[in-house]
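Here chain A shows up in two complexes: once beside chain B, once beside chain C.
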Partner chain A sequence: MTNQVKAPHIVKAFSEELEQLSADVAAMGGLAESLVSDALQAAATRDGDLAAEVVARDAQVDAMQRDIEKKIIRLLALRHPIAQDLRVCIAALKIVTDLERVGDLAKSIARRVPTLNDSEPTAFAASVDRMGKLVLSHIHEVLDAYVTGETARAVAVWERDDDVDEHYNALFRELVRAMRDDHAMIGPGAHLLFIAKNLERIGDHATNIAEVIHYLVTGSELASERPRGPRPEQTV
Partner chain B sequence: MADDRTNRTPAKKSDRPRRRDIALTAGLGVFIMAVLALSGEMGAGVFLAGALALAALAAVYYLTALTAAEPSVRPALASASLRPVEIEACEAMLERLPIPVLLIGPGGRIERANPSARAFLGLGAERGLLSTALRQPRVLEAVSAALRGERGASVEYATLAPLESHVRAYVEPIRLNVPGPMPFRAMLVLADDTSSKRAERMRADFLANASHELRTPLASLSGFLETLQGPARDDEEARDRFLSIMKEQTERMRRLIDDLLSLSRVEMNEHVAPTGSVELNDLVRDVAEALRPVAERRAITLEAAFSDMSAQVRGDHDQIYEVVENLVENAIKYSPDGAQVQVWVEAARTRDGAEHMPERIDPQSGRLTLSSPPLDPDARFAVVRVRDTGPGIERRYLPRLAERFFRVDGQKSGPAAGTGLGLAIVKHIVSRHRGGFTVESAPGAGSVFSTFFALAPARPAAPADAPGDVEETPDAVTKA
Partner chain C sequence: MAYDTNPAPSTVYHPAPPGMQIKVAARDLSVTYGDALALDRVQIDIPDRSVTACIGPSGCGKSTFLRCINRMNDTIDTARVRGSIKIDGEEVNDRSIDPVLLRARVGMVFQKPNPFPKTIFENVAYGPRIHGLAANKDELAAIVETSLTKAGLWKEVADRLHQPGTSLSGGQQQRLVIARAIAVNPEVILMDEPCSALDPIATARIEELIDELRENYALIIVTHSMAQAARVSQMTAFFHLGALVEYGPTEEIFTNPRDQRTQDYITGRFG
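Let's turn to the complex of A and B:
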């Protein structure tokens, strides 16, 4: 499954530890992914209970991050990994940091659900949902790429982050316009803006992870600047 | 979402030790009394009565303990007494079972997976770790509980993107007759629930959409009817005018119902990959011929161009026809009279090449992918692009284009107005075909809509760089 452990080590336990490390990172990714997915679902169905559960489950992501970091430090101290093995460790260290942030952002989305439920449903639910699904698919694809070691897939996600930006810009403009036209929209609109911003940042973390995967597999960095559209903050 | 959580109860402590304790205590009592009786301290009659009383007490306690405590879950013990033929039969059954079944060993390692499980999870041949193949936290929790010998659980999980799927996972502990501290394995059975979940939601959506969208034309119909019955009863001129408006409204309602039905049909089958094969060059030629009279009525020239290469794609002919027809119709509808609409086919494009044209139609144009398949760097696509020189679409509307009932101008009336479902239908058909759907547009410069579909494996002469032992995943099953 993992391309990352190709030739077995003389110490079999070391190979297994590295494989287990990748599996742990993947499991943590799955957890972060499910938090984002549940937070979106809670926002779409106005489900306050599910949102509360997401907030509570974020602690699990944090615990996993600490746990994996400890394992990596132990690996580094005991096995002195070099080359590919060292990259596996460093990549895992970087990826769990990004995933922890993803969990936090999902929590932040979930926290806004009860407040949004206090106001009338807005017409932007579909747009937020669509953007959320796109971001979710990016997270899903990079985690798949991590597990299988497919750099091309990771790079493809990295290149497609401007789609997320395009959705964010469109939503930003529509929200600003709606808030200008109808002052009752200012409250829910502000929360929706933050949700959109959080999603956009989750997308950025997905591109970060894609960069790490490229480094992990090839040993070189994704050099060029990521394609990005104009920032809405500057153009409105 | 209540059923989303694991419905697992903590494993009952076995009551066997308690039973043993009772038997032991009673036995000890009898023994002490026997010693007393032998040493002459106690009469034989008293001893007998006492022993009987103790035995009866123990029996009563034993029986109540047996019925009060729930029968303990005893994990299925893999029977070791199977004859080789039976083992072979079991193996064959497991191999042919169309339901994904896995056996997970200590540490979460996949020990066995039947072919449908391999296809469903996209597993390779080696014995990997479950968490790399299936990242669902609830399933992983249930599996590690089962590996500790706890009671099995059934867990539901859903992935929303890139493809929606709902799966129910059954986890059951299995105790193997092996030495060592970890005799437990976990059996994991996956059941795809997507169709029923979808059907449920489709029905609700259909009713909501249909009733909401039909209300407007219905209200106007009943308004006209009232006027015709009342004030305009004898007004010949008004009656004619009203009747023609009413005809238009009923026409619109019919179109709406047709489109809604078509949309729900497509949505219902969206996760079932089509099996047919379609040559896009031929299909585009047919669409262009069918729509040319429509274009000519408004002096619009419809130009069609084709690829030299074969553009054979996997797909349902009627549905892809509907896609191209919808796009070309839209292009004609939103073009000014006398304008030009182009439709053309490109074959053997990479994913990047398929998504957008190499050159932007305008430096300021907005580009967006409205629907796209999971990324596969090796896939090659055939593309149909439709370009018009109409007014174009503002950038901020692009993400909403495939939303049902969304119309850029917000115009909801007039004979030319669509139902607002055309692009939603296109999106769902494309998504069913695991294809892509993109738009590029700039106000004043027109729009280009592109759809692309994976090329059907025409000849096996493709560069054979793939290792031979890689299992080919049927595209009907998707990675969870």
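Let's turn to the complex of A and C:
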């Protein structure tokens, strides 16, 4: 990681293993991000083949998580990392857990594409896609921040998660109203709701990763709970 | 090196856990050997009833610092100590302090176990006898037994008290030396790399003992094992080139050290 322009370890292999670990996490991040992006594209373009491909590719994310976890356990057992080195390991462990979830959520979005394709396109698809792009930009930002060690960028994403929540809340209300007014909307509307919920979850994982980056770089925690508005589930 | 012409070395001080009572306090404590500066204006407050680990590269002044606390530097001709070092607010270097009594109050355990060439019993009984801590033979025997028990050695030596101390294994000898230090009711126990000659089991025994002793004493331990410092101590002091670079709760030093030199040293990087 470029943020860690610091003296190398006297034991070279230790430095190499930590660098490899960070590179692996970044690579897994890239893959998870591409799953989200492709799932969104599959939904927007009603592309069933691309959706199927996303579902299949999620297995790679899971495999990477297992591989990285093994490497971390080995590092902990054999190198006894402390201070910043320990943080690199713990951060990697937490981030791959979030990324694995992101992959799952992308898969779950992709799985809905064939069913949505069975019904007529709705005006809400564009709104879902906008929300998706926003979430995608958050994932992209935190992963960049991880690679460069720029805490400020991570914190900025963390603070912007409210935008995702607002987007979700608005979409939730509109979809519920549309489903009430037009029963033909209930089928596609339910699926879009789940997609929006999945996107909102992906946004949460991006903020988790932002918190981990802050801890990784500074050694201290971001405030544990951000002030949140009411959940739509609580308001409708 | 003329120490008083350079700016004083700065120290990163992490806030100490609240409620810790200070046992040993150093202010502007410097030591020179001839012209060579070995300790440079150290400021530190060491809490009672806890373990403070001194870490740092070879030659950084850890042993020199320990020797200030029981005035062992007096025994080195070229050594000159300046500044203040107090135990319970009382100046250690004051003329009124008897170094022999001081060394009973401040016990010391070295890297190489150094039992006297006497029996196990005599090793422990010697201190209490010369300091007049026992009124009679029974009391002396009782002190020997409690000290050996506290040092976790009693069960192993109860039936061989009159064999030579040197007949014990290295780890047992180290616990014998600790029993000898405890026997004179010390207030502070200094340990200079006490486990570096011991296997992991003997090391674990000493570490367990250190953990028990901290209920009653202030312990200051020099160690080259970062893992040991992390395991046994509540406070950690990092020395570098004679200066105290960083001092604070062990948990903080080992998870989030503030000074780059501390980071590099504890994580095994080139400094």
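Just so we're on the same page, the second predicted complex is superposed on the first by the 231 of 236 C-alpha atoms of A that agree within 3 Å, B and C clash if a C-alpha of one lies under 4 Å from a C-alpha of the other, contacts with A are read in each partner's own complex, and residues count from 1 in each chain.
Methods note: contacts are C-beta pairs under 8 Å (C-beta built on N, C-alpha and C of every residue); 3 or more make two chains touch, one makes a residue touch a chain.
Keep in mind it's a predicted model, so treat the numbers as computed, not measured.
**Student:** Which term applies to chain B and chain C once both are placed on chain A by superposition, clash or fit?
**Tutor:** Fit: chain B and chain C sit side by side once superposed on chain A.
**Student:** In the overlay, answer first, second, both or neither for which of chain B and chain C A:T115 touches.
**Tutor:** In the superposition, A:T115 touches no partner, neither chain B nor chain C.
**Student:** Check whether chain B or chain C contacts more residues of chain A in the superposed model.
**Tutor:** Touching more of chain A: B.
**Student:** Between the C-alpha centres of chain B and chain C, what angle is subtended at chain A's, in steps of 10°?
**Tutor:** 120
**Student:** In the superposition on the shared chain, how near does any CA atom of chain B get to one of chain C? Answer in angstrom.
**Tutor:** 18
**Student:** Touching chain B and also chain C: which chain A residues?
**Tutor:** Comparing the two interfaces on chain A, one with chain B and one with chain C, no residues are shared.
**Student:** So in the complex, the part of chain A that touches chain C is made up of which residues?
**Tutor:** 6-11, 14, 80-87, 219-220
**Student:** Using the touch rule from the top, collect the residues of chain C that touch chain A in their complex.
**Tutor:** 226-227, 230, 254-257, 260, 263-264, 266-271
**Student:** Under the definition above, what is the set of chain B residues touching chain A in their complex?
**Tutor:** It is residues 1, 107-108, 123-124, 126, 128-138, 140, 157-162, 351-352, 366-369, 374-377, 395-400, 403, 479 of chain B that touch chain A.
**Student:** Please give the residue numbers of chain A that touch chain B in the complex, ascending.
**Tutor:** 1-2, 19-20, 22-24, 26-27, 29-31, 33-34, 37, 40-41, 45, 47, 49-50, 60, 126-127, 130-131, 133-134, 136-137, 140-141, 143-144, 147, 150, 152-153, 156-157, 159-160, 163, 166-167, 169-171, 173-174
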